[in-house]
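Let me begin by presenting the structure, written as structure tokens, before commenting on it.
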Amino acid sequence: MCAAIAQTLGLSKSRIEALTDGIFATLMTVLVLGLALPPPGTSLRDELFGLWNHVLVYAMSFVVLGVYWVGHHNLFHYIKGTNRVFLWLNIMFLMTVGFTPFTTSVLGVFWLQQSAVALYGFNLMLPGLSLYLIWWYATRDHRLVDLDIDPHVVTTVKKRIVTGPVVYGIAIGLSFLEPIISLILYIVVLAYFILPGHIDIHFSRKHH
Amino acid sequence: MCAAIAQTLGLSKSRIEALTDGIFATLMTVLVLGLALPPPGTSLRDELFGLWNHVLVYAMSFVVLGVYWVGHHNLFHYIKGTNRVFLWLNIMFLMTVGFTPFTTSVLGVFWLQQSAVALYGFNLMLPGLSLYLIWWYATRDHRLVDLDIDPHVVTTVKKRIVTGPVVYGIAIGLSFLEPIISLILYIVVLAYFILPGHIDIHFSRKHH
Amino acid sequence: MCAAIAQTLGLSKSRIEALTDGIFATLMTVLVLGLALPPPGTSLRDELFGLWNHVLVYAMSFVVLGVYWVGHHNLFHYIKGTNRVFLWLNIMFLMTVGFTPFTTSVLGVFWLQQSAVALYGFNLMLPGLSLYLIWWYATRDHRLVDLDIDPHVVTTVKKRIVTGPVVYGIAIGLSFLEPIISLILYIVVLAYFILPGHIDIHFSRKHH
Amino acid sequence: MCAAIAQTLGLSKSRIEALTDGIFATLMTVLVLGLALPPPGTSLRDELFGLWNHVLVYAMSFVVLGVYWVGHHNLFHYIKGTNRVFLWLNIMFLMTVGFTPFTTSVLGVFWLQQSAVALYGFNLMLPGLSLYLIWWYATRDHRLVDLDIDPHVVTTVKKRIVTGPVVYGIAIGLSFLEPIISLILYIVVLAYFILPGHIDIHFSRKHH
């Protein structure tokens, strides 16, 4: 049994997780660098209160990253092995997530402009699609999951993941009518992911 | 017993800790990017000595981050499981900590201005409140701690955590009178957390 | 057996891997900071579409880092010990990789200029040469690998690693004729590394 | 035996190492951000060759960070426990290391100016002094090391650590005469630390 642990420590899965944790940790920190400091000499208090939309966007992106980190974590719970395709799908996921500091500061600076709102939604759509692809690839013919995985879990996770990109797609369309509606949708979809759902069953381990 | 270790390695608790360590490591590094380089051509020596307040603020924020990192670490020592609410309280904690590079550079640039001093205190108050919430949630009805946890530990940790936000609140109020008093209070509260206290008992493991 | 694990946890190899993972995670995040935000007031949509080459270069560098991270990972699979020379060859590898955010933004800003294209290729050549040196040093007289390592593996890995620097060298030469050919070569060599090869045999662990 | 491992995983020592690895990884990456991109329109090739001193300083600082990371690692090999004072000495060490990206870019921009050269040396002196303090505190009365630690190791490590700060101190003094001599000394001291020494005995684990 101990030999099995030793093997697990050297496994690619744990290093993909380490890279993922590292990238998310850095992204969550780098986000705030987009908060531009007002130049010395201006009325500081007014300037700081004028940053409220930057702070809102920062907080929103931080929570988005949290949602994707948790989603990736939950998904990896079922992964039993890795291969080259799986690895590169994960790097693609990380690459799409890596754009968020850029699109976040664009949205902060160009507040409520249609292009900025759509770009932000488009950015957030991509990691969702990547996660969907990862899950589809891993579960297809039980490629990288247990043979006895509950089929209900496979379907529930699939549905849950696809919700994000679908809503972001609708939000991008609506941004041409009224950008603020898209923003509200971005926040609503976060609430959907933060509040408890079906896949939480495996997640509550207490007093084990 | 080995099986238990394997399970522990896959636990959410250890990945929350990994994300926390990663974010704190990046924050502690990113802080220093707020040290603005004087433009070439000026008298370098004077410029460097003129940065003393930036360096002081940087050092203060570095120690604050150290205090919160240690506090989070000590608190997690007692946590035996995780759930969705607990996870998101932790992400909230990390988000509030994530603002420190911004408020630190604001305080460095707008040295001793009331708004900057108050903003800094407000920023530092939020992780303390989040930690308090995390501890309250985890210990309430022994939700995520051992059933036989010493009630004295629960209360001592609670009191210790709440000290920070209370002092920061007072310091924010006093900043309207005299910003320098707030700064001194910020440093005093750090000394309080760095010097040994009651919760240190579990912390000294030597020659085990 | 458990004692062996304890020893493994304290080994230099795992800490070199930790540093490597941390540096790659930060690099992959910092890359995107090179995406310059257009100044407020310009036509945002045009500006964003005008960034397509920056985005392309960013994506290319992200994948390059992924390739080197995977390559380092695969190589370390065979490493059984460390010593001072090996450690410093690894730090040299990390240093050369550390230049990529700089050369990436140079290539983004000075799009298709010969110097920028050649500099980028030169930067990407160095980690490949370092990896080659690491592998050569570790396998020479079975210095840091198992005595019974398959000689075919040693040669295959060597050939595969050396392909990168050779192609980058050719691409640098060709940049004096036509920079766009070099860029195409940079992308072709990535495809070569991403698509499966001989060293994948050990990599597919499934349903173990 | 397995129980002992489980305990080790939760130990402060491993989390201090995790924070240390994370901070060094980020620092080594952030260093390169000090490489200022020439503004578009200038002769790129000349500008890039004009950056040679920035590149030299970057490489030097990268190696310095490598030396301190290895030094910290080697020192931690002997540490068997932690306490509050030890923890805060480590955070002090990390804080002093955290200044290197700033002093590195100062030295890059203000090339060979006495203040910049002295500041850089002063910065590099501080982590050495912190490491010395950490080692002195941990070994004093065998506080955090094994009772049967070889006294020769204690002395050798002490001497080796103190060499850095002493040389940096001399270099700072010499910078008032001729800054370039200080720079040469900075490089010489690196060579001293990179080349093998007495404490390497425990470090070579091969074919175990």
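Just so it is clear, A, B, C and D label the chains in written order, and each chain counts residues from 1 on its own.
Keep this in mind: contacts are C-beta pairs under 8 Å (C-beta built on N, C-alpha and C of every residue); 3 or more make two chains touch, one makes a residue touch a chain.
This is a predicted model, so every value here is computed, not measured.
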Same-residue or different-residue interface between subunit C and subunit D, half as cut-off: different
Most distant chain from subunit D, judged by the mean position of its C-alpha atoms: A
Cα-centroid distance, subunit A relative to subunit D, in whole angstrom: 35
For subunit B paired with subunit D, centre-to-centre distance based on mean C-alpha positions, whole Å: 25
Subunit C residues counted as touching two or more neighbouring chains: 2, 5, 18, 21-22, 25-26, 30, 33
Residue ranges of subunit D touching subunit B (in the complex, touch as defined): 2-3, 5-7, 9-12, 15, 18-19, 21-23, 25-27, 30, 33, 80-84, 87-88, 91, 94-95, 98-99, 101-102, 105-106, 109-110, 113, 115-116, 119, 143-144, 146-147
Interface residues, subunit D side, partner subunit C - complex: 1-2, 4-5, 8-9, 17-18, 21-22, 24-26, 28-33, 35, 37, 40, 44-45, 48, 59, 62-63, 66, 69-70, 73, 77, 194, 196, 200, 203-208
